[in-house]
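In order of appearance the chains are A, B, C and D, and numbering begins at 1 in each one.
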Amino acid sequence: MSEYSADEMMTVAAARALRDGIRCFVGIGLPSTAANLARLTHAPELVLIYESGTLGSKPDRLPASIGDGILGETADAVISVPEVFNYWLQPGRIDVGFLGAAQLDRFANINTTVVGDYHQPKVRLPGAGGAPEIAASCREVFVVVRQNSRSFVERVDFVTSVGHGSGAGDRERLGLRGAGPTTVITDLGVLRPDAETRELTLTQVHPGISVQQVRAATGWELRVSPELSETPAPTVAELTMLRDLKGRS
Amino acid sequence: MSEYSADEMMTVAAARALRDGIRCFVGIGLPSTAANLARLTHAPELVLIYESGTLGSKPDRLPASIGDGILGETADAVISVPEVFNYWLQPGRIDVGFLGAAQLDRFANINTTVVGDYHQPKVRLPGAGGAPEIAASCREVFVVVRQNSRSFVERVDFVTSVGHGSGAGDRERLGLRGAGPTTVITDLGVLRPDAETRELTLTQVHPGISVQQVRAATGWELRVSPELSETPAPTVAELTMLRDLKGRS
Amino acid sequence: MAEIVSLADGIAELVRDGDVVALEGFTHLIPMAAGREIIRQGRRELTLVRMTPDLVYDQLIGAGCARKLVFSWGGNPGVGSLHRFRDAVEHAWPRALELEEHSHAGMANRYVAGASGLPFAVLRGYSGTDLGAVTPTIRSVDCPFTGERLAAVAALNPDVTVVHAQRADRRGNVQLWGLLGVQKEAVLAARRSLVTVEEVVAELSPVPGAVVLPSWAVDRVAVVPGGAHPSYAQGYSERDNQWYQDWDAISRDRERFGEWLRDNVFADSGSLA
Amino acid sequence: MAEIVSLADGIAELVRDGDVVALEGFTHLIPMAAGREIIRQGRRELTLVRMTPDLVYDQLIGAGCARKLVFSWGGNPGVGSLHRFRDAVEHAWPRALELEEHSHAGMANRYVAGASGLPFAVLRGYSGTDLGAVTPTIRSVDCPFTGERLAAVAALNPDVTVVHAQRADRRGNVQLWGLLGVQKEAVLAARRSLVTVEEVVAELSPVPGAVVLPSWAVDRVAVVPGGAHPSYAQGYSERDNQWYQDWDAISRDRERFGEWLRDNVFADSGSLA
């Protein structure tokens, strides 16, 4: 039980980032796993909102997709897709948007559209989904993503969802109302935007990970916070619940 | 049974104007009575839509208001007020809009806002309600209104809902998609817009009503159709059903 | 999370002099008791917003609480005029009443824009009518794709919205069904909100046609059985059509209205609906 | 009034070469059988519109039915890539595929505008992203009241929309519940519409959370039990997650996809779902 995978550490660290009682707009995949883990451990009052139109979903297993029936069956309210975006996301009612990414850059801009040129892509990715407006309108955004030099790039090939644009003041200039990405949780550590420049800065490493390893997995000259700390390892309770949750799915 | 009131004749004539199977957006009061009479006599497949958000209401008594519970309980679908206007009325899905009026003018423009000056009104009327957009977007509009020289005026004091504006071509210029008022049913007869000028013209008088009487009850120099006809008197079946319907309410 | 409070506390905490206040409910679920409580607490200089002013605003206007009315149809449904409304507009009694008047479609879309966090809404409306000339919150906008000119209406974001609903659970989740009007939009458009309910139940069992407002989208819930009378709450009460008729005579006369206010609003402690 | 027909007749009557076609259903109630029937009937040059192309469009794209895709998220939910979609975009196989790509919020609002008879919709979206540069149906509009600049998206009005629902009655009134996606808007936005249903019943008893599309808002209804498989119809079936997994291997390889088409689409008479 004291052994755990890098993905497990990432998921636990992401879950811990969610304070109890907040409203969280949940992307599928890693964010959904982390959000459900949070709800079943330290944050029982966490309100989960899925873009398929469920407010307050309380699944007891991991949903297989954004439209898994269990999300609607356990929700406080089921609404149409236009309504979830227009009445609930857009006005800024959601505290945290929890997103994944294929590419993430120095200023936490997110690419889920293409690798390479848009019209002649090397890899065609799924595209935007709900992310551009989640990133724009939630009060803050958490990103959970595996870190390597292909995913962490100086500048994303395509800005699907705006993080901090090209730095401080950009979100305000663009009329984006939320604070944007405030926490990026990876399999190596945690990064946060610098208070002044908004450049992503390593603030936390997971146990056994060196700063050198993180630098090697980052496609730009990574800045490291002077207050760098180490993530506490997953507790037995966290790991048990995570594995149990995965086992039930 | 062969005796009937002028209001009964008007209601029966208005009901007859509704063809079976059409979709009718129903204003409360006289239009609602006529529409329900039609549905219970010659038009069993008439689809009644009320602005309170009911599609396909089938009341067996007259609703006391636009929001009478029976309208929702007997409907095929109950929807929100924004939806009834945006998804159902605005795109032109409704065949006939059935309206009342406080004032009506030579070109069938409707006033339900004020008598006199807007800022210093002699009489403050209820206002627009759903009528402006019903008059704009239904494929055609029927108006049912008691006729006298106060209600039938040369030019309405306030255009709450556009009929034919100031004549031929005005609706097109204003971007109004429906044909506007095609039939005006009163307690004296029936008026229709002239095919060329769109001026309201007397095409039908109710039994026992003279053209002179209608002219006296009209605030402009009323034109009379060369094919003027007489409305058939209410049948026993129509009167029985109308009185029964009123008795149940 | 919504807090469950008394009606008197809910109104005292949320409604302030000078506020823009929306009491919604489209002929069904009209928050009548909340309206009387606002009169009782002596609120003044309110901008009252409501598609159909109905009896609830006739009372508030007659009691002198309002400086302005934003509305789309001001009659006594199925009966005739709202006499206190007319007296205010025609004779400035008990004080002048500024009007901002729309169509139903316009008002509904103004709430939709407000609930959506947008500054305006687009509709096909008002074209050729005289409403645009008297109402500054009606303008036009050109489609950036087709060039077509359409109506634009300013968003409505009341300081406080009050609605009546059938039920809430103990956590303050609210459930309403039957004719839904614009209540959801009016609550979501508002800065603060109060919902009066027929009852609080342990669990909100699913009901066909029901919508649920999550507790975190509502500020206060107050239990006020019969709080919609003489309008109705489907599943709990019938519309009291006779009372709407009776209001015609009560409201027609300033003195009789004053007696009604004294006997039925101010003499009432507020503990009864 | 909707006419109740066979799936083959419904598709033959409503879907033509070159049409703009929307098959909607947000992970729930995806009209999969209708998609296979379109392939079977050999439709070509279609513009396929759908928020989440999912397997249904991966199949249509791989079969060469589409010249263009209008969408917002093109993955295999919970599994990974849509390989036929990627092969078309990355290698123009079996033919080049033009893309018109939006966010979910943009697509949802495009349907809302289409259903509302408006040429465009307004939202807070796209600001700062690269989507506006590649997608001509994204522009901006200035609020006529505040001057604020907002995103505008062009209305979607498909030639034909197909959705799957739980039930219809014999008159063709359609009832669906559970996750509702944008199905109502997609049907109302379309010039023609077909609804496949699990069953036809004598009467549509009320169901919590259900919406009803009146018969007069639908053109054709076809009874296709299991017509959403491997997605699901709440109350009738569960999502077949294994099938979504299996599709990854089938679709990854052009030849294996060809065999699947031959054995599961063209060999099928269309009488089975």
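We adopt the following convention: a contact is a pair of C-beta atoms (placed from the backbone, for glycine too) under 8 Å apart; a residue touches a chain by one contact, two chains touch by 3 or more.
These numbers come from a predicted model, not from an experiment.
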Determine the set of chains touching subunit B that also touch subunit D.
C
Roughly how many whole angstrom separate the Cα centroids of subunit A and subunit B?
57
What is the distance in Å between the mean C-alpha positions of subunit C and subunit D?
39
Between subunit A and subunit D, what distance separates the C-alpha centroids? Give it in angstrom.
28
Of all residues in subunit B, which are in touch with two or more distinct other chains?
86, 90, 137
Could you list the positions in subunit D whose residues touch two or more of the other chains?
117-118, 123-124, 148, 184-185, 209
Pairs of chains in contact here are A-C, A-D, B-C, B-D, C-D
Name, in rising order, each residue of subunit C that touches subunit D in their complex.
117-124, 137, 139-141, 143-146, 148, 150, 152, 154, 206-210
Residues of subunit D defined as touching subunit A within the complex:
26-28, 51-52, 71-75, 77-78, 81-82, 85-86, 89-90, 101-105, 108-109, 111-112, 123-131, 134, 148-149, 178-182, 184-185, 209, 231-232, 234, 238-239, 241, 244
In the complex, go through subunit A and note every residue touching subunit D.
28-29, 51-54, 64-69, 71-73, 78-82, 85-86, 89-90, 113, 118, 121-124, 126-133, 136-137, 158-162, 165, 170-171, 174-177
Could you list, by residue number, the parts of subunit C that touch subunit A in their complex?
1, 112, 115-118, 173, 184-185, 188, 211-214, 216-217
Which residues of subunit A touch subunit C in their complex?
21, 23, 47, 55-56, 76-77, 86-87, 90-93, 137
